[in-house]
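Lettered A, B and C in written order, each chain numbered from 1.
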Amino acid sequence: MGNCVEGAKGYFCRPKNTNVRLSLPVVCFVWQIAMIILFGVFIRYDEESDAHWAEHKKSHNITSDIENDFYYRYPSFQDVHVMIFVGFGFLMTFLKRYSFGAVGFNFLVAAFGIQWALLMQGWFHSLDLVTGKIYIGVESMINADFCVAGCLIAYGAVLGKVSPVQLLVMTLFGVTLFAVEEYIILDLIHAKDAGGSMVIHTFGGYYGLGISWVLYRPNLHQSKRLNGSVYHSDIFAMIGTLFLWMFWPSFNSAITDHGDGQHRAAMNTYLALASSVLTTVAISSLSQKKGKLDMVHIQNATLAGGVAMGTAAEFMIMPYGSLIVGFFCGILSVFGYIFITPFLEKHLKIQDTCGVHNLHAMPGVIGGIVGAITAATATESVYSREGLVNTFDFEGEFEGRTVWSQGGHQAGAMCVAIVFGVFGGILVGLILRLPIWGDPADENCFDDEVYWELPEDEESIPPILEYNNHMTHKHQDISESNFSVEQS
Amino acid sequence: MGNCVEGAKGYFCRPKNTNVRLSLPVVCFVWQIAMIILFGVFIRYDEESDAHWAEHKKSHNITSDIENDFYYRYPSFQDVHVMIFVGFGFLMTFLKRYSFGAVGFNFLVAAFGIQWALLMQGWFHSLDLVTGKIYIGVESMINADFCVAGCLIAYGAVLGKVSPVQLLVMTLFGVTLFAVEEYIILDLIHAKDAGGSMVIHTFGGYYGLGISWVLYRPNLHQSKRLNGSVYHSDIFAMIGTLFLWMFWPSFNSAITDHGDGQHRAAMNTYLALASSVLTTVAISSLSQKKGKLDMVHIQNATLAGGVAMGTAAEFMIMPYGSLIVGFFCGILSVFGYIFITPFLEKHLKIQDTCGVHNLHAMPGVIGGIVGAITAATATESVYSREGLVNTFDFEGEFEGRTVWSQGGHQAGAMCVAIVFGVFGGILVGLILRLPIWGDPADENCFDDEVYWELPEDEESIPPILEYNNHMTHKHQDISESNFSVEQS
Amino acid sequence: MGNCVEGAKGYFCRPKNTNVRLSLPVVCFVWQIAMIILFGVFIRYDEESDAHWAEHKKSHNITSDIENDFYYRYPSFQDVHVMIFVGFGFLMTFLKRYSFGAVGFNFLVAAFGIQWALLMQGWFHSLDLVTGKIYIGVESMINADFCVAGCLIAYGAVLGKVSPVQLLVMTLFGVTLFAVEEYIILDLIHAKDAGGSMVIHTFGGYYGLGISWVLYRPNLHQSKRLNGSVYHSDIFAMIGTLFLWMFWPSFNSAITDHGDGQHRAAMNTYLALASSVLTTVAISSLSQKKGKLDMVHIQNATLAGGVAMGTAAEFMIMPYGSLIVGFFCGILSVFGYIFITPFLEKHLKIQDTCGVHNLHAMPGVIGGIVGAITAATATESVYSREGLVNTFDFEGEFEGRTVWSQGGHQAGAMCVAIVFGVFGGILVGLILRLPIWGDPADENCFDDEVYWELPEDEESIPPILEYNNHMTHKHQDISESNFSVEQS
């Protein structure tokens, strides 16, 4: 059927079998049972969610229940949660016939990913070596959601071209790589990255692009008719865009320091996002004759400011600094959709369905650079001595680190994220090329028909006629009834 | 017109009149005026929302405004509020031509229900016998939303088959029954049920099923063409699903104890829900040849874990315990959609439009059982002495109660919820069979046309042709224009 | 083309040029750069979002980070944020072919407006005369969102009839007028208006109506085919309605006093909104033969109770008082849609696309009146001495003001809002009539085609045929394929 990857061995050229009736249930069951066992062995409530909290309060002289971290972070957690499930899910519903897959597989992947992330992040960041347990609380849930965000970004690059089983495999390895990368960046290098410009967006973006490069489909044009939006699918996608845009301040501030840290991070992100919107509209209008706006740009590039503030959000970047970051990221992201995505597809053989390179990878890198510069130029007069120590955690073994050194470490962390993304993606892509995962043939990409029982729809898609070379049953019915009326 | 219930007296067999121009406004006006009068007589601000708060703070040595319960519970309240109005409302929009009714009547019913619930719950739980007043605050609003949830669950069972007037009557009695049942379960039996597995879901589910049983329509197949979804109505329904899923941790933790109680309840629910998603996908895939997923399962069974954690959410069920609960509830709920719903319809004459038996009644019962077991096996080593007393409120007249006894009381409470649901539903169903409420004929069920001024739509529904035996005006237009083209 | 305003000079009668490829990017770029410069000169973090917070805490004896205003107001801010971007945006998607413009231009306007509002409100309310800086925090963000709400309300009146450039101009002047009006009402007159019945809704409503009056289009009927909804656009609009409705308690309580003020404001609004829903349904049903409900009423008039509680929300209006306000506003708002909107269009030449007169202007005025009466009748026995001082801020130069005097000032403030709205609207309307802004011709109103690259859609709009007098390419295809089937 012509859907074999060039140069692949015959092994890879068998006709596609998209039946996942065996593999999908097996993967879901086995992995969920594994989660239960591992949670039983390792995961316990932390002191703020355990029934011993009353004793903990007394022993730590905590006078009020409101000091429980739950009240500092739970509203932010819920906003992040909405971003993960509604934001990412609906952002990807823009395709005319892949909305079930967009929102449904996003749901599946995220629900698995958060469990696995609690374990992986727990082992790397908070394993108690005495008891051998991981203690979780509201911050763990936020971090798990963050970790999953990386995998969902990668999903954007391969949207419509992979099976749910492949997505689960992508997530298994993605979360694992994420946890290691995060450990290196945050713990070993001691870089700051509260909103994850590097850890989440750069990694996630390149991870998806790496996978997409390995899974390159030269004959993807065979499903070109479905690789686009219709009017109402674009409106569904705006639900995703807006919930991401509105709650991004919560995303970037969710795990920053209590008090001024959360306050400042939210405000900086709010400003950068606002600025992005205006430059996105400007460039989108400029790029079309007659100045008409393109929904793809509005849905995506408006968010670039939030991505790029991920590292520096809690720094004293100043309100105008945030506006400047948003200003350039909006421009760059739209340029990406116009020039870079076609270039990547044509010359680098990277097919990026949602344009994650423009929305996550590039703005993520810029965010890392902005973070490095802002850190390197931090001064005591701006932060106060205590503020500087709090913001950059110059404590313990990092007590003597200078801001200049911190800036260098931030830049180094950036490189780690890129390397993990690119090489991790290539590695996982190779695994995903095994012909056992039930991925769709080139002519069936971007089609919910493959993995979903679809309702019999009245609003059918006429252009499909010319591709299928036969009338569907339903169309015949309509034509016949029309005909009979004309006869009567 | 053949739409009479078998064995009913001639009285019940008059042709259906769906004109609610008299009954709907009268019910709305009279009831709303009654609410105003009753609120005037009974309802006042509590000490935390009254302008005397400053004095209250001083007299109770409260040092900070942040100790006002508003800051502990308002974010949770807003999440619950979204679940009630967007969650339940959009979850029911899945029908191709009943989305107005789903989201609109849900809105109406909930807006009435919360007012009546403030009164009913106030009389039973917080009437000050000295002043004769009910004092309300943020927790009252959460409880009112909870109470309405029970009625909205019942709406799911009869969706598309009743008039808005019937829904208001259902809500009037539903809230009343709820308040009594809740008083018995929480105050007299002293069972714990923070997220309402028993009080809300079991009761609401069986209440709806009871009504649906009495209102059985043997000729419902006459509107079968409308009893299904179309592509975009399924996506609208996913908005409901996701907002329910995401905010369920807030639902189950909204009225639990400050501090560790809220923290733990949110986390347990988060985990159970994640687990449900994977088993739902697994069974849904297994159940279809070729392993394709069914949107009905994804929209509903993924939520079963949240329902089933309603009672035990604040207990020390442990993270793996939550995963196990979600694991089995996802499986059971999908099985319900595949086997039990058809069985109920065929053999028990219960038509359950949304499958509330699978999403609420069954998981609710399981939640009650899980709660009873978890309570009965609670130990001081796991909870600490103080934790045990706080969690189960072993205070005052219940000071001496053992966990074993508590488990028994939990199980008893479960039975109360079922009995109230079933018999309350049957009773209210009989009232709703009076031929004065404007319910639709069997051939007009699931059709917004009956109660809504619909826009003239371009995307009409062709299959309607064969049922109506005549062309609608619009279709004729199209056919004619087609015809003229062919002539030219 | 007959689209000239009567009596306008020939200058205004040139054929419409809707190409905004020059003007839109220029306006976006220049204004965004101006924002960056002005933010650089004027805007700084306030003491709660600055890294010096640790020092501030010590110097002010603040013992806990939870006392940072962020934790009092951020959840409310996020709810308000959702109302601005999803609430207003989706509420306006009801038009069948203007959903991109509704949600997209709403996004653009709000993103610009919040930046400009931070500056304008900063200059008027919180400019530090010593340092020459404006210090911003979470409350500033809420106020900026509030300010933008006024402009978005005005957008509702001209929806579908203006270009994005005109909207940005409207917003520039709207925010400016708002800041002055707000300064007069809140600072000089010292009126209370926490939820902005006067400052936001009355001003915004009349501002939009004033603009619409000047921009009157006598031949608007030429695009009548697009000035209506379709089935699924009405459901999209319900997303907007519900998020506005649910989060209105947060809107009215967002900047009220910590503690009882926020608590009471949220509760009063919750009750008024519930009451509105029932009377809206009642009157909507009464107004149609057969008692069918009209989606326009449900989408809008249900919100009137929230608008009308904007001033009195934090007063001791009592729960039944809130219900009464909602009761009458629901009725009045539906009457507005049935009688007043057609009257305004026919006799006053005011075309009000979304009916902002019924949803914002009228209920806003009522809210102002309710506020004046509630303030004038406040007593020490109801509020306590301290409560009265706190609620009405009878401090400093206003220490001696009586409640009676406060009532009078509230009424005066009402008039200021109306005057600013009407005359500001007329003034800005005249500016917008300059033929340089790229507004659409009368026959192209309510059509996304003018400013958006639209996807090639399958679900085309047949009735367009009779207006365009030619078959579109796509329709021909379908007809031909039908024809060939009939031949075979």
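The rule is short, and it goes like this: a contact is a pair of C-beta atoms (placed from the backbone, for glycine too) under 8 Å apart; a residue touches a chain by one contact, two chains touch by 3 or more.
Model, not experiment: these values are computed from the prediction.
Counting only contacts among the remaining chains, removing chain A from consideration leaves everything joined as one piece. Residues touching across the chain A and chain B pair largely diverge in numbering: under half of the numbers involved belong to both copies.
Centroids of chain A and chain B (each the mean of its C-alpha atoms) stand 32 Å apart.
Residue positions of chain A touching 2 or more other chains, listed in rising order: 66, 71, 75, 232, 239, 459, 478, 482. Of all the residues in chain A, the ones that touch chain B in their complex are 18-25, 28-29, 31-33, 35-37, 39-40, 43-45, 48-55, 57, 64-66, 68-71, 74-75, 78, 81-82, 85-86, 89-90, 93, 97, 99-100, 103-104, 107-108, 111-112, 114-115, 136-138, 141, 164, 232, 236, 239, 450-459, 474, 477-478, 481-482, 485-486. Contacts from chain C toward chain B in the complex involve residues 66-67, 71-72, 75-76, 79, 96, 228-235, 238-239, 242-243, 245-247, 249-250, 258-260, 262-264, 266-267, 270-271, 273-279, 281-283, 285-286, 288-295, 298, 302, 316, 318-320, 323-324, 327, 382-384, 386-388, 390-391, 459-463, 465, 471, 476, 478-480, 482-483, 486.
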